[in-house]
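What follows is a set of structures for review.
The following pair of complexes shares a single chain, subunit A, combined with subunit B in the former and subunit C in the latter.
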Partner chain A sequence: MISFDPQFLINGLTTGGTIALAAIGLTLIFGVLNFINFAHGEYLTIGAYAAFVANVSLGLPILLSAILAVPVTVVFALVIDRIVFYPLRRQGAGALALLITSVGVSIVVRNLIETIWSSDTRRYDLAAGEAMSILGIRITAVQIIILVTSLLLMVGVHLLLTRTTLGVSMRATASNQSLAMSSGINTEQVVRWTWVIGAGLTAVAGVLIGIDTVLRPTMGFGLLLVMFAAVILGGIGDPYGAMLGGFVIGFVQEVSVAFISASYKPAVAFMIMVALLVWKPEGLRGGT
Partner chain B sequence: MLEQFSFVTSVATVAGIYAILAIGLNVHWGEAGLLNFGHVAFFAVGAYTSALLTIASPSASQAYSFGFGMPIPVGIVGGCIAAGIIAFLMGIPTLKLREDYLAVVSIGLAEILRYGLMNENWLTGGVGGIYGIERPLTEAIPFAFYNLFYLGLVLVALVGCYLYTKKLRRSPFGRVLRSIRDDEEAAVALGKETFRYRMQAFIIGAVIAGLAGSLWAHYTTALTPTAFATNITFTTWVALIIGGSGNPKGAIAGAGLIISFREATRYLPDVYGLGEIMPTLRLIFVGVLVIVTIRYRPEGLLPERNITRAEYYNRLESESENL
Partner chain C sequence: MSTESLLSVHGLRKTFGGIVAIDGLELEVKRNSITGLIGPNGAGKTTAFKTISGFHDPDEGEIVFDGQDITANSVQAIVDAGLTRTFQEARTFPSMTVFENLLIGHRGHRGEGLLQSTAGVKTYASDERTAMERADQLLDYLQLNDRKDKQASQLAVGERKLLEIGRALMTEPDLILLDEPMAGLPADVTADIIEYIERIRSERDQTFLIIEHDMDTIMSICDKIAVMDAGKKIAAGTAEEIQNDSAVIDAYLGTESP
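Take a look at the complex of A and B:
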C-alpha cells in the first residue's frame, strides 16, 4: 500500500516549474513560427553555460550571472534565426525543412559547447543550502527559489500575452498568420520578440536546473523530450497548456518513482504523452 | 598495405550497413513522407532479436536468461520480423498523427526502448549487454578473408534491398505512397486508405532497418545499449538528406559519404594534434552540412527523378499546410 507522500508534491512542483518555463519557450516558437524546434534544448544549455562563465570564470554572484545569461541566450537565438532560419523562411521553405535544419543546429551547438567546455559535469559556485522543514515537508532554499522564479515568470508571461499589444500580436500571429499580416501586424517583428521571450525563459530554466543539479553539454538535449511531452500535453502552441503540461510531467515523474523503477523516470513523461496523443490529440486543454 | 586494406574493408562494411538503414528510412521519409526520428529502434530490435535467437543458452553468471542457439539465418529473419512487429505497434498510435507529431513521438519511443535495453537485464543483459554473438560460416572461411567475406554478405543484402525498393517505387503501391506524400487529400478523394498504406510503408522500412541490425549484431559480435543512442537515427537522416531522399541511390551515396568521412577523420587527430576535440569538431561539420544542404540543395546530391527544387519546396509546403 503506497500512501501519498507530500514530498513528491514539492519535488514535482520544482521539476515541473523548470520544465514549464522551457516548454513555454518551445510552444511559443511553435505557435508563431509553425515548426518544432529541435534545437530548443540547446538554448537551455547555452543559458546555463553563460551563467557558468559569469559565475565561475568571472566570479560574479549567481543572481547577476543568471540575469546576464538571459541577454546572452537571447542574442544567440536571434543570431541563429537571422543566419539559419530567416533565409529559409524567406525562401518559402516549409515546416519540415525548418525542423530538419533545427536538428542540424542542435548538433552544431551541442558539440560546440562540448568542444569548449568538454563533456565533464560542471557546477555553479554556490553555498551549500540547508534543507528546512515546513509542515514535515523537506524543502531546500534552492527549491523555493526555483518555485518562486518560475511562478513569477509565468505570471509575467500571462500579463504579457493578455495586457500588451505585443502579446496580442503574438497570439494573433500564432492563430492565423496571414490574417495577422493583413491586419497590419509586422510578423517578422513578432517572430523576433517570440525568440526573445522564448529564449529568455529557456535560459532561466537552464540556470535553475544548473543550480538544482549539474551542468553538462547534453543537459538541454536530454530535456528536449520532456519539454516536447509538456508541450504536446498542453496542446502544441498553447503557452498556458505548456505550463500545465510542465507541472503535470514534473509531478508524474516524481510520483512514478513509487510505482516503477526510478531508472524509467525519464521514460514516464513520454509514455504519458503517447497515451494522451492516442486518447486526446488536441491536448489536455482541448482545441484552440 | 594489408592493414590499409582491412581498414577499407571494415569502413565499407559499416557504410554498407548504414546504407541499408538509410534505404529503410528512405521508404519512410522519401517514399511515404513519414518523419520517423526513431529509426534506431528498429535497428536495435533487429540486432538484439537476431543475437538472442542465435547465441547459446546463457550460463548462470550471465545477466540475461534467454539464448536459443538457432542457426544464423533464422536469427536474421527473426530480427527482421521483430522489427516489423515493433513498427506495427508503434504505427498504431502514431501514423494517424501530423508529421511533426510523429517525429516527436518516434524519437520518444526509441528512447523508451533504449531505457528498456538498459534496464531489462533478464532479456538484454542490461548495460553489460550481450557478448559472443556468432558470425556465420566461421569454419568454412579462412580467417584472413573473413572480413572480406562479411563485406560481400553485407553488399548482397544491400543490393537486395536496393532492387526491392526500386521495384517498390515503380509499383502501383509506390505510386500511391508518393501520392499520399505529395497530396494526402487527393489520395483520400481517390478512395485510398492512407493509414493502411502508411502502415505498410512503415513496416517495410522497419524490416529493412531490422535486417541492418541483424547484420550489425553478427558483425560486431557484441551489443550494448550505448551503441543504440539517437545519434544513429541522426546519422542515417544526415546520410539521406545529403544523399538525396526519394530514391534508394541517394540513400546509398549519402551513407557511403558520411561513414567514410567519419572513419577517415578518425585518424586525423594523431596528425594535427586535435586528439580531444576531434569527435565534436566532426559532428559540428556534419551539422553544418545538414543546414547547408537544406538551404542550398534540399534535393540532395542525387535528387529524386523528375522533381525540381521548386517542386521539392512545394512538397515541403504542402506537407506543412496540413499542420
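Take a look at the complex of A and C:
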C-alpha cells in the first residue's frame, strides 16, 4: 500500500501552474476565434528559446530574459496571425481550415527552431537552487517562483476579464461575435489583444518550464496535448476552466507517478480527458 | 415629425456565388418612423439587413445613413454612426448579468485597448460611471430593475427581448433594425413589445426598421411598409396601400397565408 506523500502536492501544483498558464492562452484564442490553434505549443517553445538567447547567448539575468521573452513571443504570434490566420478569416475560412493551417504552422516553426538551435536539449544559465524544507515537504526556489508567478498571472487574468472593458469585450466576443460587433465592439482589435495576452502567458509558461527542466524544440508540442486535456477538462473557451483543468491535470499526473512509471504521465492526462468527454462533455465547470 | 430620409438604399445588389440574394433594392426609411420590411421567405430581407448593418459588403449599390455613405463601412463603424440591429432569436450574452449585457453596448467605451482600459484611469472611471448611469436608466425604462444582477440566460423570453432592445439602445442609435422581434413570443408578450417599440419611438426619438412575419404586428405599428420579393422591392406604402397592391397580393399574400 502506498501512503500519500505530500511531495506530490507541491509537484502537482507547480506542474499544474505552468499547464494552466499555457492552457489559458489556448482557450482564450479558441473562445474568441473559435478555432483550435495547434501551433500554440510552438508559442511556448518560442518563449522559452527567446529567453535562452537572452540568458545564455547575451548573458542577461534570467528574470530580464523571461521579461524579454514575452514581447518576442507576442510579436511572433501577431505576425503569424497577420500573415496566416487573418487572411484566412477574411475569406471566411471555417474552423477546420484554420485548424489544419495551424498544424502546418506548428510543423514549420518547430523545424525552424530545430534548424537554428539543433535538437539538443538546452539549459538556462541558473545558479543551482537549494531546496528548503517546509513542514516536511521539499520545495525548491524554482518551484516557489513557478507557483508565485503562475498564481499572480492568473489573478491578473481574472482582474482583466472582470474589471476592464477589454476583458468584458473579450468575453462578449467569445460569447457571440456578431452580437458583440452589433454592440459596437471592435472585434478585430479584441482578437489582437487576445493574441497578445494568450501568447504572453504562454511565453511565461515556456520560460518557467525551461527553468524547471530543460529546453528542447519539441517541448511545446509535447505539452500541447496536455494543454488540450486541461482546456477540455475545464470546458472549452472558459479561462477559469483552463486554470482549474491545468491544476487538476498537473496534480493527477504527479500523483500517478506513485503508481505507474513517470513516462506514462501524459497518458494519465488523456485518460482523464477521454473519461470526461464521455461523461461530462461540457467540462467540469458545466455549460457556462 | 420631420419627413427626411434617415436611411436610403439605392440599387443594392448582393450575390453569393451564382445566387442573387438582393437584386437592385431601393429602400427609404424616414426619420422617426417605424418602417416594416416584409416579403415571402427567401425574398432577401435578412440579407438586406446584414448588408445594411455591415455584416456583408454589397456587390453594387449605395447605402446612405444620416447623410453619410456607409456602404463600405465595418459593422463597428456603422454602429458608431448610429445604426444597430437585433437578431432573430433574442440574442444576449447568456453568462453575463443583465447589467453587464447593457454595459457592453455603451458606445463611449474605450474598451478594446489594453492601455486605454488600464492607464488613464480617471477618464476611464468617469466614462465607466456614465455607462453605469445610462444602464441603470435603461433598466428603469424597460422595467428590468429587479433583474439587474440575474444572468441573461435566466430571463423569460420577453425579458430577453427587452434586454436585447436595451443593449441596442445603449449604443445610442438613431436607427434600430429589428429582425423578427416577435418570432417565438406568446401573444401577450408581443403586445408588450409592440407597446415598448412605440413608446421608444415617441419618447426617445428613435427610428425602427422591422422585419416581421407576424402581419398583425406589422400592420398595427408600421407607418410605412416595404415589400420585397426575389431580392427586389415590389411595393411600398401604408398598411392599407400594401394590402390593396396587386403585385403584393400576387407575390406574397396570394401564395402564402400571412
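In this text, the second predicted complex is superposed on the first by the 288 of 288 C-alpha atoms of A that agree within 3 Å, B and C clash if a C-alpha of one lies under 4 Å from a C-alpha of the other, contacts with A are read in each partner's own complex, and residues count from 1 in each chain.
Rule of thumb we're sticking to: a residue touches a chain if its C-beta (ideal position, glycine included) is under 8 Å from a C-beta of that chain, and two chains touch if they have at least 3 such contacts.
Bear in mind the structure is a predicted one, so any value in this text is a computation, not a measurement.
Touch criterion met: A:Ser175 reaches subunit C, while subunit B stays clear of it.
Of the two partners subunit B and subunit C, it is B that touches the larger number of subunit A residues. Once the two complexes are overlaid on the shared chain, A:Val84 sits against subunit B while remaining clear of subunit C. Touch criterion not met for A:Gly59: it reaches neither subunit B nor subunit C. In the superposed model, A:Ser183 lies in contact with subunit C only, and not with subunit B. Considering their complex, residues 35, 93-94, 97, 99-101, 103-105, 107-109, 111-112, 115, 118-119, 234, 237, 241, 276-277, 280-281, 283-284, 286-291, 294-295, 298, 313, 315-321, 323 of subunit B touch subunit A. Those residues of subunit A lying in contact with subunit C across their complex are 164-169, 171-172, 175-176, 178-187, 189-190, 193, 196, 288. Of all residues in subunit A, only 34-36, 84, 87-88, 91-97, 99-101, 103-108, 110-112, 114-115, 118, 225, 228-229, 232, 236, 261, 263-264, 266-267, 270-271, 273-274, 277-278, 281 touch subunit B in the complex they form. Within the complex, the subunit C residues that touch subunit A are 53-55, 75-76, 79-80, 84-87, 91-96, 100, 103-105, 107, 109-114, 117-118, 124, 128, 167-168, 170-171.
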